Each structure stands twice: as C-alpha cells, then as structure tokens.
C-alpha cells in the first residue's frame, strides 16, 4: 500500500548546534521508498547515517547559531506488510534468539523490565502463546492508561506510567515494551508516520518478537496498524527520538502528514479475539 | 479480651546513642493496660513521651557507647473493640473532617498518594461505600502483592510496592494507606502486638477513617484482626517505627510474643462479603 | 515591624468542591494580626481550623459546582522577630527534644532525609555548630540549584532536586529540610508573605531547630529574611500547601502583595560569616 | 603484557534454564587470546555468540532442571595497551562521531544521563579538555562515593548512587558513564578480569570516547588500569552482565583469578595531574 508522508520542522537555533534527525522513511525488505526529498533551509550540508542493523536512518546536520532553520521531508513509500497466523507466533526460546534480538530482552532507560517482573508474570504469565500474551497486555494498557497530552515529559518511563496511568504514545509504547521484556519476549520501540492519526503527528508504538518475526502492537489504538510508514526502531525513545538536539535550540513548529494514495485502504485494528499479527519488515 | 504481650530486644551499642522505642501498649478508651513492666539492663534512666494526639507513647533512652543493652517489656492489656455495621461506615465529607484527621489525607514519605490517584480511582473509585472501597483495595493488595521476607528495605515505599508486588507487613500497610488517601479516605499506619502471627513479631497494618470511626484493615491476613494490642499510629512508618536509633547500634535480637489469656477468643478475619468493620478507637 | 499583606485568588469551580485555604497570617507570640479581612464572593460560609500545635490556621470552604469563586484576604500584621547569636544555636541532643519537635526529624513526602544521609554528612557533618551547618548547606543549595520557574511540579521532591539542580522556592525549601534532618537537625517547611519578593507571590523557605529555637533560612535568597509574615509551618508542602482543592477546580489567578508600612525596614540577608540567626515565634 | 585469567562458577539449576555467560576474554586488535579452555560439567553443548560490533563474546547454554552446574574458564591473554597524550584526547564534535559511537551518548537503564545534565555541567562543564573532564569526574566519584559491599542491588542506578554515595564497582562505573554522557562525551561500560584486585572478582569500570579513542577510567581505584583483560563492553550492566540467567537458578560460588605472567608489570593508576590516557581499543 502506497502512502505519501511529509514533515516540516522549524527551529530557532540560538547557538552552534548539532541536529540528529530521525524523520526519513526506513528502507526495509517490506518498505520501499519510491520518491523522497529532504530540504534544509537555509541550505546546510547534511550527512546520512545508517545504524548497524538498519533500525535507523538518520540525518546529522551542523547548524550555526542564529539560524532560523526549516527542515522539510516528503516521500512516497510503499509498505508491504504481512498478516501471520497467531499459531505461528509462539514464544521463541532464548536459546534460539539471534544475538541482535537478544539485546531487546534487556532493560533500557525508559523500559525498566527488571522492575516489572512480578507484575507482568502475575497478570500475563499463564497465557500460553506469545501473541496472546502481548495482545492481552496491550489491551490492559489501553484500558488502564489514559491518553493525555502534556501529562508526561521526556524523563517519564514505564515504571512511572504503570502507576500514574496517564501518558502519550511514547509512554504507552514504553510500558508495552517493558512488560514484554519482563515476560522474556524481546520488544522494541517503533516510530513512524501514521495514517489517520488525529491530530496528525509522529507516532510511536512497539514491536514484539515471536515466532521468529517482529509483530506490531499499539496500545493507544489511535490509528490503524496497517497505516504506518516506519521511521526507526530501537530499544526505546533514547535510540529512536525524532530529533536529538545538541545545542541551544527552540522548536517552533512540527507539521506532520500522512495519506494513503491508494483507494482500497482497509483499516486494521486488533480485536479481542484477534488471530493474526501484523509484521512490518 | 485480655492479652499478655511481651518483647525483648538486644542491642550492641557502639557509640553514645539515643533510642526512641515504640513498644509500649497504648492507653486508649478501648485499650486498658492492666499490668506493665519495662526493664532496661543495665539500668539506664528512660523518659516516656506521649505525642500530642495520643497516637504514640514512646520511651527515650540515652545509652553510652560500649553497652550491651537489653530491653524487656511485659504487659497485660485489655482491648475492647467494636464491630460497626458497614452501612454506618460511609465516606466522611472533607468538610466534616476534624483537623487532626485531615492530616491523614495528605501524602507522606512512604505513602505517595498523590502518585496513585488515577490507579486508585480507576480501580476502586466507583464503589459506593467507604468500607466497601477499602475492603476491595485490601483484597486487591492481598491477591497481588506477595509476602516475601527480606524483599524490601527501610526505603521501600507504596510507590515501589504497587509495581514490584512483593514486601512485608510494613509495605502492605503503606500501599493500603496510599490507596485510601488517593480515594480521599484518611488512613494511618498501625503497629501492634499480634496474636497468632507466625512467626511472632511486631506487626503493622492500617486504619481508615469512615463513618466518624477508624476501622482496621490488614492486607497481609496473617493474623486475626481482633487479636491486636495497639502500640502506635502515625502517618506511616516514619512516625511509628518500633525503634528509631540515633547512633552506631547493632540490633542483635528481637523476641516478641502475644497470647490471649481468655479462652473464648474467636478469630476474626474480614470475608469477601464482610458487613462489619472493626474499630480499635 | 508592621506589614500590609494581601492575596486575591480566583477559581473556576466545575464540580462541588472543598477548599482548604492556607493564606491567613498565623497568630503567634511574635506575630500579631492587627487587622484582617477575609472575603469570599459569592458569599459562602467558611470555617476556620487551627492545627494542634498552632502551625496552621486554615479556612475550609464548601463550594458548589458552577461557581466562579473569588477569595480576598487582607491583613495588617506586626512581626517581632529576634536575632540570636550563633554561639547559642548549637545542635540540641535528641534526648532533649520535645516530642512536638522530634517529629521534624523524620523523613516526609518531599523530604526523604533517609536517602541523603551520606551526602549530608560527607558535606556538612564535620562542621561544629548547628547554625554554621545549616548556613553552609543553605549556601550550597543556593550555589548549586538554579531557580527556574516551571522546571518542577507538585510531585518533585528533595531527592529529585539534589540531582536535577533546578526548582522553585518549594524545592529549595524541601532540599534544605531534607539535608537538615539527615544531619539530625529538626527542620520544617515555612510559608508566608514575603516583602520585596519579585515577582510578588507566596513564598516558601524553612526553619531549623537549634539552641531550643526555630531559626529561619532561605536558600533562594530572593527576599529579605526579616520581611516575612508567616502563614504556616509543617513537615513539608504536603502539610502547608496554600490551597488544597478537593474537586474539579481551575485556578485562574493568584495576586499576592506585601508591603512594609514602617519606613525603617532594613533588609536582612545572611552573609557568609553570619553570626546571628533570625527567629520567628 | 601476558595474563593468566580464570573463573569458576557453580550453580544449582532448579528448573530448565538458559544461561548467557559473559566470561570469555574478548578478541580485539589490542587483546590476543593465546590459550583458552571453557569447560561445562556435566557436559552440555554451548554456543558462542558475538555481538555486532565485537563488544561481547558470550556463551549460551541450555541447562536442564536438577543440574548442579560447574563452569570453568581458563585463558592466557596478551593485552597491548597504549598510552595516549592528553593533548590528543579532546572532545570529539558530535558531527564527527561514528554512528556506532553515537549510541553511547544516549541514556540507558542504569545511566540516566538526561537527569544529570545540570549537575555534570555545573561541576565539570567548564573544564577545557575531554580527558581532564573525565579525570576530574572520576576523582569526584572516588572522593564522594564509598565502596561498600552489599550496599546496592541489581536495580541500583547512577541516579541513586549520585545521591546515596555508596556502592560497588558496577555503581561507580554507571555514575561515571552517566556523567560523561551528560557532558556529551560518549561512554560505555567495561567488564574484565583485574590483576591485583582484592578480593579477586570480576571487575567493572568504564571507557570514555575522546580524540577518536576509547580511554579507560576507574573511579574505584581498586586495581591498576593496565592490569585488565577485557571481557565485554556495553551501554551499561544490562548489556554486559557476567551472567544473565533465565530460569530458576541459585548461584553457589564464584571464584575469579588473574595473574600477570611477565615479571615487569608496572602498575598504572592515574594521578591528579595525569597527562596520558590508557587505551584498550
């Protein structure tokens, strides 16, 4: 399915600064970037960096102090996602995990799975199948955490959200990841453009590893699962922030858009008795 | 009902130290101390302090460094508790709370009710009656938190326990108190001698204020609710610790005992459809 | 010295709510309320509550939902403060503390002195005299913590501020209190009207107990120490908040004023080699 | 310099478990494993995993429940370390960091650099050179944090240690890393065998990136900096734990040894006016 995505960011750069921007659509076996433009005004040279395992594709830009910076990204991207039957989505024994996946079992800055071990296992430990476990915990987050703009900040972590029960998409994702890892299911942060997200913005959710595949889950249920264009994945928001700014910078506006340019888009949300998981890549 | 209670504490006092001991049975309208002895060996003068609202009755002792200290307390105490019908145990409007009770609505060191507001209200907010609310949250703690000796320390608070789901009586009490306060029900920490507690030790639980009365609750369910001899109440363990030691002191042994000296003791635990609350005044 | 103080608060009350307001000048041996008016518009009956040890004097008001509430307080108050020589301001042994003072040694919600024990003793433990210790830690807070409006919220505590090094007057006070208690010096939260505070607002600082007296300290250094009219003291902001609101209420404006109505006001700030401490009450 | 290192671990394995062991000497351009043996008794097949960037070389072993497991590792390893003049060890601009190094700028589970930004910059921000900055913060940790066995646990993080000021080598390393990252200096966790460490054990310290090199620092100062055989590096202990055990396992003994088998070992510790940094690659 083809999508047209765009973002437009404006910054007031007060001192010489380095930007690490994570807004490009990722190129993966299941996601093809058909057209793409990246514009920085005023013109400044930028450098594309791609992380070791292809989870990120970020632009690094050196910006002199005193610049009013505008960054515009446009792309047409085709995502070829797959639905996989839940009977194939069992827990993968730790002894069979690839070392690049094993990493996503360990606790990280915003996903302190080591502190949620009992809670996760008390609530979801007896569910037989990995897909059903993660479906259940996603549903539990959805029912218990209130989506509330401005209720959290960049330091908020899963350990806070599990108790404070309010947050934004980032917090929903972190809690989902932490619970998965506490259940010994590898899980990673996913950022992307999201079709039909209201109001339009960058979105975050998570992927859990089961049956040898990364399956996507979104406890916010704010946009269809099959309408994402993936930007990055990582351990948590520390790895995959939209923008990491080193310097004295004020963000002045963020405009994000995503539209499907085919006319047979059929929105997919998981239901309570969902029997298929969605795989990007 | 009359109980014979005792405690015997041994300390190695390495430097000149001040002990604030909270092991005496409280004297209240519903609790009469019939006989009592308090012995310090070697002999050191001690001073009894009684807090403003009668929630504590503690002994202060100055102990020189190099002392091997033994403290022995024995008492026969009569507790005259009352069962009150739950229909009388409604929420008291804040506008009718006495200022000495209002205090117990505010967050304290180990009971960060301000952080549990959503969780408490999501889970228990729609239950109509204060008694039923606190019964429900006590049951919830009992089912979700594992009693596990040594799993926590003196810095563990309700905010930790709600997520980590393991603790000792102190932690169960702190979580109960925090959830009550988050529901705008005043609640306080209760320490005492507990008949039939295995292994014998000092015990902690909590009281919640409803219908103009303090009603006792114990999420550990480790000993009958009608078998307590009250030592102290306070905002949390910071106020009502068994011993606050200022100096370099090693605790070497704690022996606690409680026995009922009447033969018609009928152990009371709240059931799921409990209709009466127990009041120690 | 006589001061004219006033405050004017406006609220949009969305549901039936209870207000506990802590804006009245306290009556103490050293502070005399000469004139006073308290107005609620529209007229609603209010009730004055005075806490057990006279640390608070708060008004409780029941407000129906749908009210646009205005509260106006005006007073003329005379404070008779004393300067006490630091040689008289030594540590009071715990064995000589009154039980009403002992309370202020224990950790509280926002002042987790139990977690700052090593830090406080490493930095300030070897200073001989209580006054000099607290002077040093106040100076240390002043140098290390940046006053930054909006940097913290109602859940921020001393444990956060000691590391994050930014905050408002409330946070400066909590950190001061926590460090004192970690040094076994009783300390309490102090709120008041502050002459020459810019911009005008309610202010918070702290009092530490030494030589049998409560001595005032203010790590923000934002207003003269001798220009306060005391509203309340308490363990921390949980006890002495300006307004505790139970219900759905939006605060719309807070206007505070304080002026000295004598013309010989001589502003006092502690210096590095300060030899006298200031006592209110 | 050649070292003979060994470790012997014993476990009681109660349920079927997966072990991920991180005890092998790493093979790097500057570290050559001359001889090596790895023995598991009873015999169980193990699998060696090497992480993407060569920071780890771990063994994965599936162990059936009911096993009394013994793991023995022996190696002779040659480390060829380099001393680099501090004038070459300047901050690397973010715009010149390789993407594999950039990762080590972000906060991680135990190194919440985002919360230490002000503290790090207030204390060390004005020091001109990266090497001198990290030397200063290492010294500061050494002076302020007490090495105290048993004072912390597996959940303790840099955010705790900066205030609580006690810990073990893991905590010293985490705090060092967090402070470096807060100063925009990439830093990573380092585990290894340590010659002359008393009592012998695995050791942890950290590396900071400067002048295009990873330079080693150890705030514990418990063993010479030139006596390490590197086992692993990672973001923090979550990545580079000696043993990650999935299952019900009791560790019964850990015996570690390291000796230099050349006789011209000249122990190196950084001094206050150190002018050269040590690089293990």
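Chains here go by letter, A, B, C and D, matching the order in which they are written, and residues are numbered from 1 within each.
What we mean here is this: contacts are C-beta pairs under 8 Å (C-beta built on N, C-alpha and C of every residue); 3 or more make two chains touch, one makes a residue touch a chain.
Fair warning: this is a prediction, and the values are worked out from it, not measured in the lab.
Within the contact network of the assembly, the step distance from chain A to chain D comes to 1.
Contact with chain A and chain B alike is made by no chain in this entry. Here the C-alpha atoms of chain B line up with those of chain D after a rotation of 180°, rounded in steps of 5.
Rounded to whole angstrom units, the spacing between the C-alpha centres of chain A and chain C is 45. Averaging C-alpha coordinates per chain places the centre of chain B 31 Å away from that of chain C.
The distance from the centre of chain C to the centre of chain D, with each centre set as the mean of the Cα atoms, comes to 46 Å. Across the assembly, chain A contributes residues 115 that each touch 2 or more other chains.
Pairwise, the chains that make contact are A-B, A-D, B-C, C-D.
On chain C, the positions that touch chain D within their shared complex are 115-116, 118-119, 122, 144, 146, 159, 162-166.
Chain B meets chain C in the complex at residues 18, 20, 47, 49-53, 56, 58, 60, 62, 93-95, 99-100, 102-103, 106-109, 112, 114-115, 154-155, 184, 238-239, 244, 246.
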